[in-house]
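To start, the structure under review is shown below, and the notes come after it.
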Amino acid sequence: MNISRPSRRVYDELRKVSISRNFTESAAASVLIEFGKTKVICAASLRNSVPRFLQGKNVGWLTAEYGMLPSATSERTEREAAAGKQTGRTIEIQRLIGRSLRQCVNLNRLGERTIQVDCDVIQADGGTRTASITGACVAVCDALRKRNIQGVFDGWVSAISVGIYAGVPILDLDYAEDFKASTDMNVVCKQNKGFVEIQGTAEAEPFPRKDLDELLRLAELGTSRLYELQEEAMVDRSALEE
Amino acid sequence: MNISRPSRRVYDELRKVSISRNFTESAAASVLIEFGKTKVICAASLRNSVPRFLQGKNVGWLTAEYGMLPSATSERTEREAAAGKQTGRTIEIQRLIGRSLRQCVNLNRLGERTIQVDCDVIQADGGTRTASITGACVAVCDALRKRNIQGVFDGWVSAISVGIYAGVPILDLDYAEDFKASTDMNVVCKQNKGFVEIQGTAEAEPFPRKDLDELLRLAELGTSRLYELQEEAMVDRSALEE
Amino acid sequence: MNISRPSRRVYDELRKVSISRNFTESAAASVLIEFGKTKVICAASLRNSVPRFLQGKNVGWLTAEYGMLPSATSERTEREAAAGKQTGRTIEIQRLIGRSLRQCVNLNRLGERTIQVDCDVIQADGGTRTASITGACVAVCDALRKRNIQGVFDGWVSAISVGIYAGVPILDLDYAEDFKASTDMNVVCKQNKGFVEIQGTAEAEPFPRKDLDELLRLAELGTSRLYELQEEAMVDRSALEE
Amino acid sequence: MNISRPSRRVYDELRKVSISRNFTESAAASVLIEFGKTKVICAASLRNSVPRFLQGKNVGWLTAEYGMLPSATSERTEREAAAGKQTGRTIEIQRLIGRSLRQCVNLNRLGERTIQVDCDVIQADGGTRTASITGACVAVCDALRKRNIQGVFDGWVSAISVGIYAGVPILDLDYAEDFKASTDMNVVCKQNKGFVEIQGTAEAEPFPRKDLDELLRLAELGTSRLYELQEEAMVDRSALEE
Amino acid sequence: MNISRPSRRVYDELRKVSISRNFTESAAASVLIEFGKTKVICAASLRNSVPRFLQGKNVGWLTAEYGMLPSATSERTEREAAAGKQTGRTIEIQRLIGRSLRQCVNLNRLGERTIQVDCDVIQADGGTRTASITGACVAVCDALRKRNIQGVFDGWVSAISVGIYAGVPILDLDYAEDFKASTDMNVVCKQNKGFVEIQGTAEAEPFPRKDLDELLRLAELGTSRLYELQEEAMVDRSALEE
Amino acid sequence: MNISRPSRRVYDELRKVSISRNFTESAAASVLIEFGKTKVICAASLRNSVPRFLQGKNVGWLTAEYGMLPSATSERTEREAAAGKQTGRTIEIQRLIGRSLRQCVNLNRLGERTIQVDCDVIQADGGTRTASITGACVAVCDALRKRNIQGVFDGWVSAISVGIYAGVPILDLDYAEDFKASTDMNVVCKQNKGFVEIQGTAEAEPFPRKDLDELLRLAELGTSRLYELQEEAMVDRSALEE
């Protein structure tokens, strides 16, 4: 595939991904994930209650919220708290994060507890929702380990964006690539299990089945690399020593 | 495929779909679409202005809103206007409808006009967002024809849900089927072009690539039948005589 | 009275009124009422609780909400759910509907249950609030009968608008008549009992007592015809067979 | 009519009504009106613009807002500004005040100016909306005179409540009477012209035409007395000297 | 100090302060306080419950709300209830009032009751927050006495503004003075105890320590005079006789 | 002064303060400031417009917003964007930050531009508002330098908290100290100029003038050390090399 990406990466190449645990001390677990210049603080907290619709059923819950600092984009983004409401985009993303991460835990074994995930973007360069899911899964794993809650974490869930740029399917789009892509797809997978979420949109022309098949292949490839990085993050030496 | 669907349909069978134009007289075009017991009023209006971000660019816009009557569900749904905000589900759906329908028009030829689509569910039995897209595309076509705006309508866009029920991929889920499905996917396609939107969610277990391939095949099958019904609705005799 | 109404009706003539039960299946009772081109879906639901201020008093409650589809008017109306609040007009109307319908039931015999009425206008051509009250009263009656709750329905309540057009009091104004009327009055009555609500407004000149007396006479006439149509709707054959 | 009102007044007796101009110095005109223990500050302000829907038409506008201090009732009322919204009752009342007062001015002669009326209840004992209308009409008259705007004030508009208490129609209900009345009606009239607004509600039983006729007669009687008090307030010596 | 204040007062002179109890009858206690042309109704109510965070701790609470009538300023102020939110200024002021007044009561002896303070400005000419605190302290004292709750009132808290006008520290600024002051400071003190709150802002140039010391001296002087007026208000004859 | 602070610092000792420029690349300038464990991202953006009340006056403006990540506190804080409003505390703080920083720039020389400051707390351990002011002043300085806007930056503004702990005035309280302090005061100063803001609150007992004098002395000491760190941050080598 002969293509010149703005990022100079080859079509199936991820950006440099870095996952750092213990970014702050305040939450049960706090992870800084970087997909190139995209940086997201992913935190997991635990509380000993569940939403009303689950009370008395002896199951747990996981929910997620997403935000972006106004300073995270080169043109400042309006602060949602000041505007008095979350945008439609934010609501869509946090619902996606929540649904995806409920696949990485066994809620039946959690007891009447809620895992609250917060993903806050401090620098945005494309792929903030997929970075959020990937990083927050590490934060959930870490929070459960730190609180010594066993048998709940159920496997790695990671996410990556794919898209069609200049007619060619590519992996992990940064902002410049996403801006010009004719199709944008976010895919969430679970290790050894399969697809958790697929959200694909034809920004310009509809896409044929053949391109779709290649996008799905790239997404499987990308998420399989991310599982390894998630795994590595959990054995990181400095974290262990702390 | 040996499966007993609650609806007693075979796995790749649509519900009875009916599309009636001129349901009300007030909007530029008003369509009642029925997917079995699911009934949605789809209206298209035109106004001679565009949102601020498009002003002065000599292009048009299409936007959509979605609502559900409180009485549309067997357990009454809270009225969003009274609650003072649209739910996350509503916002997601109306964004999806808008993006999808922007594929059925050539906005560059519309001039500085906005097509406003309103989809209001009066009875809900699963598949309200796919019925909305399918019916609203007819309303858009009809509104453009009634206003004699030529060269803008660009082809049929339709949508259908697919899902995995009792381990088997099936087409066009009603509420009872959707409630028990392990995977739920909404697919929007454009006639002779391909995929416009794919939104798939693993409600229970993640789904393997093989099942995904079959779901996509069913969706292509379902939308191809819907194009025919959209086409037929536009040549409906009673509408012509009016 | 020599007058040429835009609707070509004589001064004390109602529009064609049609009341259809079982319009949808989802609510306890669903009625489509038409006053000429004005069409309203009136639904009644029941729930086994009462608002906090009535808890523990062994009485029931009836409350109403009103809405208008954006596509119900020839110039599209802004969607209240998207705007984030109900307009003053909507709030006034739904309070009127609720007060009026509490006259058609004996709340002391309802037990700690709430009858929730929803009136949603799908096409508006004047008189939407009076059509709502008249149709919703049938829905309430029907819901109580379907749920076999006896001794609660207490008699027909119906409503009609009257006004002064070109100096002459007339009955049941459509939008074109209402737009030019110098006085607009909505009257709610109960069969064999008298007046339930009177809301009259001088749009242009104040009105003398003599005109007021005639308006009230017309309203009594109009509501007395509506009681008959309400009664007939309840014995409609097709509904019985269902 | 043999009746024992809680207020010990006879059936057609107003409470002591007092109208004081120049209650504060900040607004164009500020009036304190008292209907017995009910006390309302009525202010009129002028600004040199009109709402968008009237721009360029060379006509003026009058609009009104209504509020109640939390401390105005014996059981404290929640502050609407803190709750973040006006109640339905407030919205209804301020719309009524605005419509009523637009009858006391000739908007065609006002130019592109808006008269803003503010009615703020500092002590509530029934009849706050009728006191507001009656007092605010004086404030409007006073503001126009102080600003030397001639030919705009068009005659006195006043308002009074009537109701059926213990089966007998009575005039000007205080809170204790209103609380037990079976029918509550607010009537707005214009001097030498007739009825401006009628809002009557059967709180308990519907009311027959005969009672309605008596209520209307009482209201005409009450408002005719109020016109005199409005007139007197404008010739008050201390105000002239100021 | 040779200075010509717009108000013609000398640099350490208060405006005429008047404190009238029993301004309305509806609240537990209602005080009208006037600092020159600034007039505030201060009411104190009591309810037999505490906020959730204090429940079960056998302590009481005091909270305050602040508002300004739209007609209180010479240019009309937007009504917060209509705008749907309190301004930042209002929120700051009511938090200040609440914190300050919690110093005048012994909440440990109040039991599970809440003292609700409402300060509503009916005419604003500078110093509304300090007048509010000073007047509301009298209302709190009066409410406790009327309800015969002993051992809770803990001493006078009063507040005054100081500022630097034309380079000279002055006491109790009216609006004209405040508008031109280079520094504006509000100080709350408690009799025989010391400082409760200090909020000083350099509107133009930062202020040196020397000026700050003089401002604090003036504030101590001003509040010491206000304690006397608070004390006198409580022994006012007409109030005793009531 | 013999005192044992929880932080083991002496009474007039600051926490370790660190100021890092270029924390993110997206805003015009981005600074991470740390006061011990308190960490705040301070960003400054520029836009070529001013608020409406300043348009056409050829002056600039500076405004600030403040937020705290939900994960910044050990007990998770509710997300304001999800709650739909900023808390009173947030509004107070961002108004304080804005007022304070308008002292560090000469708005008359800025032209019709707005400096937008965003302070977002990623870890909170007391003193977040003073850290925000101190760090944001560096961000403002840096943004002006990067955009080569000269003659606008007007000198260092910094802020520190002081308080009375166990009866002794101390400098720079962390959360554990603040929680138990009887008086809490935030002081903002400008280098070589004096006091910009003083906000002091008696949390428990009112404080005497003597203690107040010592608190002010400590604050002057603390801010004078912070000016040096601000200055150093601007000459930081790594930033220069970038």
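The first chain written gets the first letter, and so on, giving A, B, C, D, E and F; residue counts start at 1 in each chain.
Throughout what follows, contacts are C-beta pairs under 8 Å (C-beta built on N, C-alpha and C of every residue); 3 or more make two chains touch, one makes a residue touch a chain.
Predicted model only: the values in this text are computed from it and were never measured.
The two copies, chain B and chain D, are related by a rotation of 120°, based on C-alpha atoms and rounded to the nearest 5. Taking each chain's centre as the average of its CA atoms, chain A and chain C sit 51 Å apart.
Computed centre separation for the pair chain A/chain B is 29 angstrom, with centres defined by C-alpha atoms.
We define each chain's centre as the mean of its Cα atoms; on that basis chain A and chain D are separated by 60 Å. Residue positions 84-85 of chain C are each in touch with at least two other chains. Chain contacts here close into one cycle, and each chain has exactly two touching partners. One full turn of the ring, starting with chain C and passing chain D second, gives C, D, E, F, A, B.
Every residue of chain F that touches chain E in the complex is listed here, in rising order: 85, 88, 91-92, 95, 99, 103, 185, 189-190, 193-202, 205-209, 212-213, 216, 220. Chain C meets chain B in the complex at residues 24-27, 30, 37, 39, 41, 43, 45, 47, 65, 67, 69-74, 76, 79-82, 84-86, 90, 116, 118, 120, 122-124.
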